[in-house]
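Let me give you the structure first, and then I'll get to my questions.
Going in written order, the chains are labelled A, B, C and D, and every chain counts its residues from 1.
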Amino acid sequence: MDNVVSDSHPGYTDNREAHLKRLRRIEGQVRGLQRMVESDTYCIDVLTQISAATKALQSVALGLLDDHLGHCVAHAVQHGGPEADEKVREASAAIARLVRS
Amino acid sequence: MDNVVSDSHPGYTDNREAHLKRLRRIEGQVRGLQRMVESDTYCIDVLTQISAATKALQSVALGLLDDHLGHCVAHAVQHGGPEADEKVREASAAIARLVRS
Amino acid sequence: MDNVVSDSHPGYTDNREAHLKRLRRIEGQVRGLQRMVESDTYCIDVLTQISAATKALQSVALGLLDDHLGHCVAHAVQHGGPEADEKVREASAAIARLVRS
Amino acid sequence: MDNVVSDSHPGYTDNREAHLKRLRRIEGQVRGLQRMVESDTYCIDVLTQISAATKALQSVALGLLDDHLGHCVAHAVQHGGPEADEKVREASAAIARLVRS
């Protein structure tokens, strides 16, 4: 782990701009969905766009999670103790929410 | 089917305002996600919000799909012919994209 | 709809053998997973196989759903009345369970 | 990490019996699905059982992943070096496959 950050920054700090850029694009997709519904776009075409926005959100989540495992969780594991177990449990719970959402 | 709409309107016309309201709330969630990332919110809390936004998007999709089956697909099936088969196939493909996204 | 079956058969009757063949293959995959766990296979390789089995189960579900929409639901819609609405609602609920599982 | 196992055992060794028990139950569910299809069970009821089996498979995957993060990945991170980064990347890829399946 060559990039372990201090505890005061989340693991995604190095990739923050990339995550923000993707979230802004998703905001644009959601606004586009509103325009589609307002202008009576055919249901199936709206659904296709919703699937695209959902996948884009999941990609941001997977990116954040990768940063989190490689930084916050790795950091805690290197320090050991009960906090390490706690961080792994917390990450597993977040993964479960993603898999089930 | 007491609500079959004319071909010129999508199946979600009756519920358009409800769908729009939910999409505006999702837009707000995605903007909230940007603020979270900008202000270094803890990764796990960002992930929890992404799971919530993903579920909200899926709920809009399921609502639109229900409208679509009850209106556009039902309409086509009542008229019969190759268009009925085509509408069912098209709906199935949209469902597959949702399940896999 | 050229293949509307009588009420006494489910919509997947024509494709029953294909569905069964896929379910038997999935049973084999799940037995293979047991052997992998028994023989201490590396976690990531077990996870890859679980993802494959999950996708295979979803494919069977999507196939059954397509049959169901094209037969049972189409049949009910052609007959109209409250049963048509009921069938659409029931199919939408099943789709929601699939999307969320 | 009080349970770091030696490199020669996968992270799920302590929970192997629990994972096997669940996989055997899933095998039973898949055989039950075959009987349902053979005996012309109503489509929607088959779909409900498929959703249950899919969720059960995902639960096994999430359990294995939790074991993997707490053992194999933690073990690699404690040792540091390129293998640590590699293990995190590999775990992230497995999570992505689960989220998308």
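Everything below uses one rule, namely that contacts are C-beta pairs under 8 Å (C-beta built on N, C-alpha and C of every residue); 3 or more make two chains touch, one makes a residue touch a chain.
The structure displayed is predicted, hence computed values, not measured ones.
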Request  = Indicate whether more than half of the residue numbers at the chain B-chain C interface occur in both copies; give same if so and different if not.
outcome  = same
Remark   = With centres defined as the mean of Cα atoms, the chain at greatest distance from chain A is chain C
Query = More contacting C-beta pairs: A-B or A-D?
reply = A-B
Centroid distance [mean C-alpha coordinates] between chain D and chain B, Å = 30
Key: Where chain A and chain B are represented by their mean Cα positions, the distance between them in whole Å   = 21
Key: For chain B, residues contacting two or more additional chains   = 58, 61, 65, 91, 98, 100
Request  = Over in the complex, which chain C residues touch chain D? Could you list them?
outcome  = 9-13, 16, 19-20, 23-24, 26-27, 30-31, 33-34, 37-38, 40-44, 46-48, 50-55, 57-58, 60-61, 64-65, 67-68, 72, 90-91, 94, 97-98, 101
Task = Would you pull the chain A residues touching chain D in the complex into a rising list?
result = 1-2, 58, 61-62, 65-66, 69-70, 73-74, 77-78, 80, 84-85, 88-89, 91-92, 95-96, 98-100
